[in-house]
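Provided herewith is a single structure, encoded as structure tokens, for subsequent inquiry.
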Amino acid sequence: MTVQDGRRLAICPGTYDPVTLGHVDIIERASRLFDTLIVSVTDGSFKKRPIFSTAERIAFVEESVAHLENVEVRPLGDLVVRHAQDAGALAMVKGLRAISDFDYEFQMAQINKHLAEDIETIYLPASAKYSFISSGGVREVAAWGGPVDDWVPPHVAAALRERMQRSPTAG
Amino acid sequence: MTVQDGRRLAICPGTYDPVTLGHVDIIERASRLFDTLIVSVTDGSFKKRPIFSTAERIAFVEESVAHLENVEVRPLGDLVVRHAQDAGALAMVKGLRAISDFDYEFQMAQINKHLAEDIETIYLPASAKYSFISSGGVREVAAWGGPVDDWVPPHVAAALRERMQRSPTAG
Amino acid sequence: MTVQDGRRLAICPGTYDPVTLGHVDIIERASRLFDTLIVSVTDGSFKKRPIFSTAERIAFVEESVAHLENVEVRPLGDLVVRHAQDAGALAMVKGLRAISDFDYEFQMAQINKHLAEDIETIYLPASAKYSFISSGGVREVAAWGGPVDDWVPPHVAAALRERMQRSPTAG
Amino acid sequence: MTVQDGRRLAICPGTYDPVTLGHVDIIERASRLFDTLIVSVTDGSFKKRPIFSTAERIAFVEESVAHLENVEVRPLGDLVVRHAQDAGALAMVKGLRAISDFDYEFQMAQINKHLAEDIETIYLPASAKYSFISSGGVREVAAWGGPVDDWVPPHVAAALRERMQRSPTAG
Amino acid sequence: MTVQDGRRLAICPGTYDPVTLGHVDIIERASRLFDTLIVSVTDGSFKKRPIFSTAERIAFVEESVAHLENVEVRPLGDLVVRHAQDAGALAMVKGLRAISDFDYEFQMAQINKHLAEDIETIYLPASAKYSFISSGGVREVAAWGGPVDDWVPPHVAAALRERMQRSPTAG
Amino acid sequence: MTVQDGRRLAICPGTYDPVTLGHVDIIERASRLFDTLIVSVTDGSFKKRPIFSTAERIAFVEESVAHLENVEVRPLGDLVVRHAQDAGALAMVKGLRAISDFDYEFQMAQINKHLAEDIETIYLPASAKYSFISSGGVREVAAWGGPVDDWVPPHVAAALRERMQRSPTAG
């Protein structure tokens, strides 16, 4: 067990399309609460098609969290609670930005608790300066050629610029 | 440091007037995430006068968490972040029940983050079956002589019954 | 049983301090859904002291609903679900105005459902034109000598004017 | 008129894709408030394509409410208020789960009130244990092969399993 | 500068698919707060395809605001803050209807403030009687052949009727 | 009329107990939208007793806005819309921080619109960095001897420290 051997592990699941400085802030803060933090990047979705591939999104996150020794990035291609159980996780960490987040998040937390009683969902409030940033907002501004450098790491900003030049309507 | 010596400590602050089964559920779940969990019972308030004394409220919590080895109960008579720092805490744990909670909690989390950058506030969503229970609701039902046995531990229900018989308008 | 004898009864509980046109709208609409509707006027409260006495508040409601044959007004001096059970009610009807209402109402509905499984709480959405009216808002405007004639029945407006002249800070 | 002949009729409209135990709970509770309750299953939509056909969804509801004598299931292929008027309904009953529900529901209630003054929309709060269940959540868990048996009737769980095996991305 | 020459200019951006009486109300009220108000009609979108062309939507707005001397209608085909800066605007005016609006609007306001510090977003609360009207609701009712004459100007109602007859599923 | 003579005037009403940097930010931004901005400081309240006198609160605001040429500070001892009309105001400006603000604010805006059709309420979203600051939060932190220097102007921080030393329970 993750606790018995004195080590606590959590996952931080998301689509990360692309990773923002808000995500990085949550990951940094969460990494101090657990011995190991796995950033789980959803590999496909039934609802919407990401603009970056799973490999690209994982690479963007990896470069963004390279300075955090106890953080690891993995693809997530399963029901999130099964993925968490397979990883030996004690908890799933989510950032919480606003009220619209909260409703959906609360519902998912209850569903996941029902599916896996032993795995907690815990929320960290977004930092004030990142509280209005989302991957969707970043994509929308980038699609219009607006500057996103204050909201994503430099390597992501560069990738967004190149992607949007090629196909501006992809966002 | 709490992390350097391999031990993580968190506090779970509140008025607990009185402690409910919803509180106990959050405390149990939080106690599995940290090495030590301190339940910090506010010792007085500028806004409202509790119906039970600090000593009574602490005793009610202590009896409710006696089965949890890594949980300790303490009075809280300071700015909550200073109390957390003095205890060597890494985080403050709060239960999150509903949207009205969220707004106030989010504001307090930002204030506390500003006052003590190194202490996280983390939220655990209330379990569905406890999502409608609050100390205030319990006091209101008890004040009318209604049954509160499903919402508070037995020793608290007994104390509420006795208290309300003596001064029903105290709630 | 209320249903077995072919008659359905509901209560419409509140403080009605004072009754507004928004209340009257909800009562009229609810009275068409049930055979008998009892408007239950809370007789005292642990939290706040009404500006009108129970007798005054009941009289104001009675005059406002005199045109509705199947509506009756009664004092409410008990746990609301026991009052509903004693009246033989099938349901409690509440108006729902806004999101801040909703949270509190939802919590009370769950508490009451737990206390009396057989009594439903049902909500009617406030009409658009009354969606911003509350007894508290009416009291506040009246306290400053502002006109409240569009928000309360004429006899209530007159009583508010007279009350506020005598003790404007009572609101 | 529905009231003049001593009988009250309401409809309970929805997509039911598929019917959940939360829906069944609302239908059971609403059926005790009216003489006849019609569950109206939307026959197509301009916004999203259901994963089950109208015939399948009606059959799933019918099997789920077979024990309720005064409940009938019908397709709904019109503006919902015209459908309600044609059925001779006094009211439309909706379950209310959360704040995100509430906003949309409140807006629809005002629109429908404007289109048909004589038909009420009434809300029943979801039971605590079903407050996090939605058809969408059920479809998402089922799409990943997760267990949905606690959230839908057995015949629906079986149909979901079979449907998802054939085309997992349909959810 | 717009202020230095004693004239203040604002824009009122939106998709207006189609313009509603709620929009017209906001535009009329905003036109009294500024010397010039430009209604900026988004020319395409990355997210959803309007049912009316940009030319049609502009013509509908122009006919609706012809009585307002200081109001002008323009297409908007850029990042909204750049469009506002190019127009020499001091502010962007938005109507605010409900809580679901608020979250999204607040996030966009923060993003836009970050992109253009000197341009304010200001909100006008929707009038009570229009608080439930949206272009989406109007399209949905029209798609089912319901009456929308109370919610849009006559020329828009006529256009919606004609459009829906030709392709009812376009809504 | 304020518009006919080419000058637009607005008021910015509040209790300012005490004025925060969040208030100052809103006042600065609003002062750029109008020719004259009056900060109206409520002179007493029916609900709660301020910790600073009206004269103190006015002096604190005056010192905080001394750098803004077109801003004036006045006591507000009347129904707010009558005060606005007497001042010749076109609009009342409010800062908007969070969802709990919004509900109350929206209700007051509708009430005030009903009382004075020609006066608009307009909202400016709080800047991200001030979005969690309120006078109440500042008083609470100050009451515990916590630092409030990042949230209020220096002269207010000094006054709070002095006040709280004398009577810490006044907050």
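When the chains are written out, they are named A, B, C, D, E and F in that same order, and each has its own residue count from 1.
Following the convention adopted for this analysis, a residue touches a chain if its C-beta (ideal position, glycine included) is under 8 Å from a C-beta of that chain, and two chains touch if they have at least 3 such contacts.
No experiment lies behind these values; they were computed from the predicted model shown.
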Original post:
Computing the C-alpha centre of each chain, which chain sits at the greatest distance from chain F?
Top reply: D
Subject >> From chain A, the most remote chain by mean C-alpha position >> reply: C
Original post:
If you average the Cα atoms of chain B and of chain D to get two centres, how far apart are those centres in Å?
Top reply: 39
**OP:** Averaged over CA atoms, how far is the centre of chain D from the centre of chain F? Could you give it in whole Å?
**Re:** 47
Original post:
Can you list the residues of chain E that touch 2 or more other chains?
Top reply: 99-100, 103, 106, 110, 128, 131-132
Original post:
Which two-chain combinations touch?
Top reply: A-B, A-D, A-E, A-F, B-C, B-D, B-F, C-D, C-E, C-F, D-E, E-F
Original post:
What does chain E use to touch chain C in their complex?
Top reply: 99, 128-129, 131-132
Original post:
Which of the residues in chain B end up touching chain C in this complex?
Top reply: 98-100, 131-134, 137, 140-141, 143-147, 150, 169, 171
Original post:
Where on chain D does chain C make contact in their complex?
Top reply: 3, 6, 8, 29, 32-33, 90-91, 96, 99, 102-103, 105-106, 109-110, 113, 120-125, 127-128
**OP:** Using the touch rule from the top, collect the residues of chain C that touch chain B in their complex.
**Re:** 46, 78-79, 81-82, 99-100, 103-104, 106-108, 110-111, 114-115
